[in-house]
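Next, two complexes with chain A in common: one pairs it with chain B, the other with chain C.
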Partner chain A sequence: MTPQKDTSPAIEIQGLTKRFGRTVAVDNLSLTIPRGSTFGLLGPNGAGKSTTIKILMGILSAMAEKLQVLGVDVRTNPKLVKQRVGYVPEMHHIYRWMRVSEVIGFCRSCYQPWNDRTCRETLDLFALDPAKKVKHLSKGMLAKLSLLLAVSHEPEMLLLDEPLSGLDPIVREEFLEGVLGTICSRGQTVLISSHMLDDVRRLSDTIGILNEGRLLVQDNIDHLLTTTKRICATLKDGCRPERPPEGTIWQRVNGREWIATVRDFSPDKVQQVSALDGVEHVEVQDLGLEELFKDFIKGQRVSK
Partner chain B sequence: MKWLLWKDFRLNWLIIIMALFIVVVPNLIAVTVTCYAKHDYHNYNGSADFSNTLFVSATSSLFLSSIVFAFMGGNAIACERADRSAEFLAYLPISRGKIITSKLLVALLIGAFIWIVNFSIIGICYLAVPQNFMQKSSPPIGAVTGGFLIAGLTFFCVTWLFSCFMQSQAISAGSGLFTTLLLTYAFAFIVHFFIVEENITIFWPLGLAITLSLASLVGGTWYYLRRVEP
Partner chain C sequence: MKINPSSHVPIYLQIAEGIRAAVAAGVYRPGEALPSLRNMAIQIKVNPNTVQRAYDELEREGLIYAQRGKGLFVAEKGTASAQSQAGDGVRRVLDEAVRAGQAAGMSADQVRELFNKAIQGMIKIGSKRR
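Up next, the complex of A and B:
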């Protein structure tokens, strides 16, 4: 008999809500991430990205209908989740008085499988000095050490919480190489939250945009970029747009210029806009990830 | 567990130095004073004086160790929250039970070191030297040293409780010390003015200490084990 392969999603969240006093950090969030995918979680500061990741790691308590990581309920078995997931936090709070080799030894004793070879290779890749104390490491070195600790127990999934913030381009490149190496060699599921949209674009196949604790969109990154377009219309003098086309996520009228970012774009929508009274000329523009991200956030702020 | 113990010993290194100081210095002073008296004091009474001085130093060491216990309890959990290394520990797959067992074991070992050294000195002096003043002291020597031992334990348990809730080891230790003293004085006041039975006045300190210690240790541990956040 062959062992059954676990086909449950890597992450399955339903109705997740987290409050800090009166502030709602995560608001009824539902999210499913399939195994083997690389998911980029985008959002402005305070959107709830780090909170969501900490909840998934079992570091924060929360209310949810379903909260499963690799088929395990985080609330009832956080230790098993931590055993199977590698986590790189935004802020590195590794014991400052320990040496790099001591941190590795300490973590090695905590994880059941620990691959010394992977650890050594990553140590060499990142040129980390095992004799150096953590308090003497730069921010970039700390991030690298954190990644080394996250990958050396060969986790099934990596949770990276703003791992690139504050890193210079060279360190960022080295860090990404480390992550990409892990993804390529083991086909792990990766959840990365970041403000560096170019890096997210490079790593992720799927993205989710989170704002004020709510998931605005979750889609394949290429699909989202091909189906979300900006329709730019020139209005006749003194005219105002009648109504935005279906699927508009954000629009702006500036004098005679009317810009609308539209989801599920089709040529019909251009015709719809052209047919409106007062529209003189219509043009369609492709969007980059950064513009798309900004329009989703601005759209939600306007709709409130 | 070995690495956890190593980490907790390392986190308590200042307290370990403090414990060493409290054990070594009073007894070293006692030995020095006795050696000096042996040569310069014409009424020097040999081993009886030596044992009396050592008794005083060992008892002082036990008295001072209460402060070590208070710091040890206050430092236990709050110190890792203060520098946020508790967050690092939180995402490692270590059970809270193991974390707390390691901290209690380290505290027990430091406490055992202080007690074993001082009780050995007192015991040897008491048994080996005839006609020393310990044998005639009132209250009995057992009550005095036992009292310090219980006080140390109570301070540890109450500061431990505060450490389980707070983010600063200094505030935890201070609050624990203050609360214990406040409760002791409040209870002493009640016993002195409102309760006349002699039996109660004899046993109330012990009863209060045991109740307070158990409630604090169990309450703090229970809270820490149940809490999801580091």
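Up next, the complex of A and C:
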């Protein structure tokens, strides 16, 4: 009999809420990530990205209707999740007094299976010196060691929490190569949280934007970028726009210039704006991921 | 090949355009293999699924073809088809330039003059091909 292939999503969250005292860190979050995809989790500092990832790893407890990782309920079986997921935390918890080779030996004894070949290849790719003590590693080397440990136990999924912050461009590129190499070899699901939006764009097929614990949007990255646009209008002297077009996520009036960023763009929306009293000239601009991200967040701050 | 992650243009389209340009320029010639999915993904630092999408697109166009177990190869008519496709890319950029001129309130003659200057610059740099 052939084993049945598990077709459950890599991550399935429904109604997840996490409070720290009176602060709501994650607010009724629902998120499904299919297997084999790469998901970029974006959000300003304090949005709840790390908290969500820690909950998925079973490090933090939380209330949820559903909280499944690779078809396993994290709350009842956190050990199984840890065995099957490679985790690169924001803060590395690697014993500083150990040598690189000792850290590898230690992790090797904790995980079944452990792939010595992957481990050796990654060690070579990253030019990590096994004899070096962890406390003597640079920040970049430490990040690479953390990724090495996460990929060597052949995980079905990688959870990368801000792995690129504070790394120089060369190390970032090497880190990306390491992640891409393992995606190419094993077709893993990857969830990466990062402020390095260009790198997220290169890696991800889907993104989610988290703000104050709530998911503002989850969409295919290309779809979101080609359907979100800025409508820029020139206003006649003394005129203020009456109402923004439907689907506006953020707008600003600055002198005669009126800018509205809209989702689900269509030419009708331009016509709508053109038809408004006081509008002289209308132009449409495309957005990059960084501008799109900022407009989503700024829109939330204004609407408060 | 240069990928611009800050652009709104889907990365798979950027890759497809980059490969078309490379074929048109003779970097990859008819009958030659393209880099494997893995090599291309790591070389340009892009998710392999995205590279696959670009390869699918080029296969549909007939620029490249798959040979089972061997990889992807540039089609016999690849160079000619890439050159005509590259023309479409140039047209898009020119359209954008004309729109920018129009938005700035320039006349057709003023835009034409700028275009002629750009062509002059191209002749100075010179092209050995054709």
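One rule holds for everything that comes next: the second predicted complex is superposed on the first by the 302 of 304 C-alpha atoms of A that agree within 3 Å, B and C clash if a C-alpha of one lies under 4 Å from a C-alpha of the other, contacts with A are read in each partner's own complex, and residues count from 1 in each chain.
The rule we apply is simple: contacts are C-beta pairs under 8 Å (C-beta built on N, C-alpha and C of every residue); 3 or more make two chains touch, one makes a residue touch a chain.
Computed from a predicted model, the values in this text were never measured in an experiment.
Once the two complexes are laid over each other on the shared chain, residue contacts for A:79 go to chain B alone; chain C is not touched.
Of the two partner chains placed by the overlay, neither chain B nor chain C lies in contact with A:24. Within the superposed three-chain model, A:96 lies in touch with chain B and out of touch with chain C [touch as defined at top]. Touch criterion not met for A:259: it reaches neither chain B nor chain C. Once chain A of one complex is fitted onto chain A of the other, the partner contacts of A:106 are limited to chain B, with no touch recorded for chain C. By the document's definition of touching, of the two partners only chain B reaches A:59; chain C does not. Once chain A of one complex is fitted onto chain A of the other, the partner contacts of A:226 are limited to chain C, with no touch recorded for chain B.
In the superposition on chain A, A:87 makes contact with chain B only, not with chain C.
Those residues of chain C lying in contact with chain A across their complex are 3, 5-8, 10-12, 37-38, 41-42, 45-50, 103.
Considering their complex, residues 2-4, 7, 10, 83-88, 90-95, 228-230 of chain B touch chain A.
Put simply, chain A touches chain B in their complex at residues 57-61, 78-80, 82-83, 87, 89, 91-97, 105-107, 109-112.
Per the touch definition, chain A reaches chain C in the complex via residues 36-38, 173, 176-177, 180-181, 183-185, 197-199, 201-205, 222, 225-226, 283, 286-290.
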